[in-house]
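Each of the next two complexes has subunit A plus one other chain: subunit B in the first, subunit C in the second.
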Partner chain A sequence: MNHFVELKDISYSYTQGSKNRVFAVKDVNFNLNKGEIVGIIGHTGSGKSTLISVFNGLLKPASGSVFVDGQDIFQDKKTLYNVKFKVGICFQYPEYQLFEETVFKDIAFGPKNMKLTSDEVKQRVISAARYCDISEEMLNKSPFELSGGEKRRVAVAGVMAMNPDILILDEPAAGLDPAGRTKLIGLIRDYNRTTGSAVIIVSHNMEEVCSLCERVVVVNKSKIVLDSALDDVFSHSEMLSSIGLDVPDVTKLFLKLKAAGVDLPTDVYTPEQAAEILKPLINRR
Partner chain B sequence: MINNITFGQYIPGNSFFHKCDPRSKLIGVFWYVVLIFLCKSFFSLALVSAFTLISVIFSGVNLKTVLKSLKPVLIILIFTAIVNLFYTSGGEIIFAIRGFKITEKGVNTAVFTVLRIINLVVVSSLLTYTTTPTMLTDGIERLLHPLTYLHINVGSLAMMMTLALRFIPTLIEEIQRIINAQKSRGADFENGGIVSRAKALVPIFVPLIISSFRRAYELAFAMTARCYTGGNERTRMKQMKIKVRDIFVFVYCVVLTSGIIVLNRLFEAVL
Partner chain C sequence: MSDLSNDTIIEFENVSFSYNSDNNAKDNEVLHNINLSFKKGELVAVVGRNGSGKSTLAKLCNALYEPNNGRVIVNGIVSGTEKNDEEIRKHVGMVFQNPDNQIVATIVEDDVAFGPENLGIDPLEIRQRVDDALKKVGMYEYRLEQPFKLSGGQKQRVAIAGAIAMRTECIVFDEPTAMLDPLGRKEVLSAVRTLVDEYGITVILITHFMEEAAQADRVIVLNEGCVILDNTPEKVFSKSDLLNSIGLDIPQITKFCALLGLGNSVLTVDQAYDLLIPVLEKNS
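On to the complex of A and B.
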């Protein structure tokens, strides 16, 4: 048992007990190590969100077991409670869960529940605020005075403040403007690098996944159909499009150019990579 | 947890009652409720119960689902039964310990009241089982139409009701989402005393109320954008018409009424 998180043969059904069960997650096996940064991609309704709710025990799978840090998280109530601090989940549109009078208090909600001393809580809040680029002035404001992007960052900071070993973000950039999107993605990357925590990003934006993740998990019809390195996953472009997913726009462009007879590689996933490859070609002219 | 409530739900179907005009169903149920309270003896109550059972069969709703609707009122049923059992005096004493007496009249009242409540709940849930919320509010709107002469805006009232009903499932979903999010941040709803449990609800209700306001604004804008101005002059896509089966509903009620009057005359009153 050397993986930090292990999901073994997990199945989950929302219609538990009825005859014609429909599984939201079926026979899923998944391992994760500290420090990894993984993207989970899949079509709407493929079971992504259900899958992540199993990670911290919000949903108890019908069969299979979940190990976090070597412990079966469903073994007793206390383990089930404490796993929430090891696996921090930030759901879709997390800004709607803000409730405190000030941003500071809201970020402090998680650490307070961990029964930390007030000094420790304060430290946690300040460092989480730093990770999410929240200024000191903002900490004293009401969360309801902030803009959409700022609210989102506060909500993410609220989860980061628990110092989870794994940070799971469900569509973290959905509904943000391009600037807010880029900023948030950058902050998540920095968080992963400085703290060494594992990060899981659930998304159906391929650009986002490509710019962040080293490993990509493809979920389709309640199952994991592919779990591999980024390059490998996007080399299956036909399979991806058959399950309603897509390769990044840049890759699409390169595939088209290749089809048109231009001699170019097709394992290009970010605009930066593309620029790198195209630069010598432009210079040659 | 909150998903198992069948009371007040609509169950799609194609039965006799599903096809009835909501107005006749509303009047019928109202009439029926009055009748339940007019029953004086067990015989008339038995007649009502029989009619209720027939109505359930006519509605095509699964008997199991109907029984499920009684689940939320179970505590009320038990409570009224116990209170009536111990606090009604008169008649023969059947059983007595330490000053608590159970009398014949007490037993009768308890059974009678419980049967009444069951009939009430079943009949009123039949109404919601067989009528969509929209139909129901349309029906209420039409029935309240005379109130417009008193300068009451019935159309807006009906629209408010429709919207309120429409948002129940949305809010349930929303609550579940907020609970999950706060649980993930270590919120604890299961342990602690009453005070700490009540405090634990703050992180749920504050976001819920805020998002309800947001939804209300968004909805208001969306309605304004589609030129909704309220008022009573709005016309309907589906006009309601009284048909033969609606007349049958009235006949059904009339028959039951006369049955109850006769039985009340013939037999001694329980209460």
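On to the complex of A and C.
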């Protein structure tokens, strides 16, 4: 069975052709199916952003191949152009990229470039606005009148309006307050469930990834070092913490207690789970 | 000079602020009647939702904004006139969220020297201040690097050095770690802690991360332009219901310990560990 996206033995270097070539991504294999919701986590410089830029052909790997919907995306110019609509990427701090006079026009920019009729464009904008909880009143405002959290949602809506089969969001919640974060995460989850589009979230924040994703991919030093179901990720807590990922504080506590000889699992990441496990151990005096 | 006790560095007296000053309607107000005083050498965290008035408060601290009503007094100087504002900015520096928006030079040490140069300070003195400031934030070895080659956490530390080189007694940080990864956050926070503990600089830290606020000496919670809590982190984070009701979290560890019945003022992994180890070992 073919996957919707297949990356085969991908390597990419920003210093192509120079003597001491450094690879940002090295020998990566990755598959993705429609409807999945995947978190990619790794610290700065691990290769996360390079990896997602390969997904829709923004970067051409030095070696390896990228198949989207059964086609090699680099086979010809037309395929390479069209893949941009199938795989929508929303980069970090996208609110700085808003440029139109009104929120409506900004969200319409993507679908317009897909040569849709103006009715279709309007439909797209309205449904994307709905997914991102953007009111009709807001659609007529200038993007510059909005708060940071609202701008962020407008930028995300702009990518959703292209109806991509895969929506990739790079640090979607960075810089938002806790309530804004929770709201955006909820909207993304609903979008995934309603449309069946695959969603990839790139993040530094383990708690965010855990609250949203079913599958977690860990990137370290240009390679995928873990690709597993959410429930399984924290059984690798020691490894995660050794490569400098910020595991949740309760996970840190359990690792520390375990190191002190207390027999505890380390795949714990919420305060509720953690309290549940420790309660019987404490009450037994 | 005012009659403030001399351990106060910044004082807010009945301060209100609105971005729309021609239209004096109360509903445009971002801050309502704020009374606060910041003591020398404190690390104070300010938390609150987006739009609660945190950044406005920060910008009032170094006279980037003037209050519509009330007074902001820094080391006895009242903000509001050009001369006073200039003086205040020598006492209070600011570091913003985005490291890329506040670096002006092409070499690290030139960037740090930018502030003192504008004060017309003697070049030999500037040299000394720059070296000293870079050492304080652990960036001395990078003094000849180009800023764009640095990581986010390193750039933020260069920005902090720029403020230190001005010999500011107080630095206001407006979400300095929001754009950084966990490692960068750690670097910047430990630089901030050093400023307070070793050099006696007053720090006002605006943040969305409750784990960061938990490391402060004092936490101020803003909601809809009002101060609703102002206390030690232990006391503030024990009010989890109130915080949740205004859209703020409490640190994970605090929540966990409360669930276990270990009290509601545990803030760090280490504190929780110290509490748990004796009760757990008894069982084994």
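In this section, the second predicted complex is superposed on the first by the 247 of 285 C-alpha atoms of A that agree within 3 Å, B and C clash if a C-alpha of one lies under 4 Å from a C-alpha of the other, contacts with A are read in each partner's own complex, and residues count from 1 in each chain.
The rule we apply is simple: contacts are C-beta pairs under 8 Å (C-beta built on N, C-alpha and C of every residue); 3 or more make two chains touch, one makes a residue touch a chain.
Because the structure is a prediction, the values reported are computed rather than measured.
Once the two complexes are laid over each other on the shared chain, residue contacts for A:T117 go to neither subunit B nor subunit C.
Applying the stated contact rule after C-alpha superposition, one finds that A:F109 touches subunit B and leaves subunit C untouched.
Between subunit B and subunit C, it is C that contacts the larger number of residues in subunit A.
By the touch criterion defined above, A:L278 reaches subunit C but does not reach subunit B. When the two structures are aligned on the shared chain, A:N2 is found in touch with neither subunit B nor subunit C. When both complexes are overlaid on chain A, the residue A:Q97 reaches subunit B alone and has no touch with subunit C.
By the touch criterion defined above, A:K84 lies against subunit B but remains apart from subunit C after alignment on the C-alpha atoms of chain A. Residue ranges on subunit A touching subunit B, taken from their complex, read 53, 56, 58, 81, 84-85, 88-91, 94, 96-99, 109-110, 113-114, 144, 158-159, 162.
Across the complex, subunit A meets subunit C through its residues 43-45, 93, 147-149, 174-180, 204, 207, 244-246, 248-250, 252-253, 256-257, 260-263, 271-272, 274-275, 278-279, 281-282, 284-285.
Within the complex formed with subunit A, the subunit C residues making contact are 48-51, 97, 151-152, 175, 178-179, 181-184, 208, 210-211, 247-249, 251-253, 255-256, 259-260, 269, 272-273, 276-277, 279-284.
Only residues 177-178, 180-188, 202-203, 206-207, 210-211 of subunit B touch subunit A when the two sit together in their complex.
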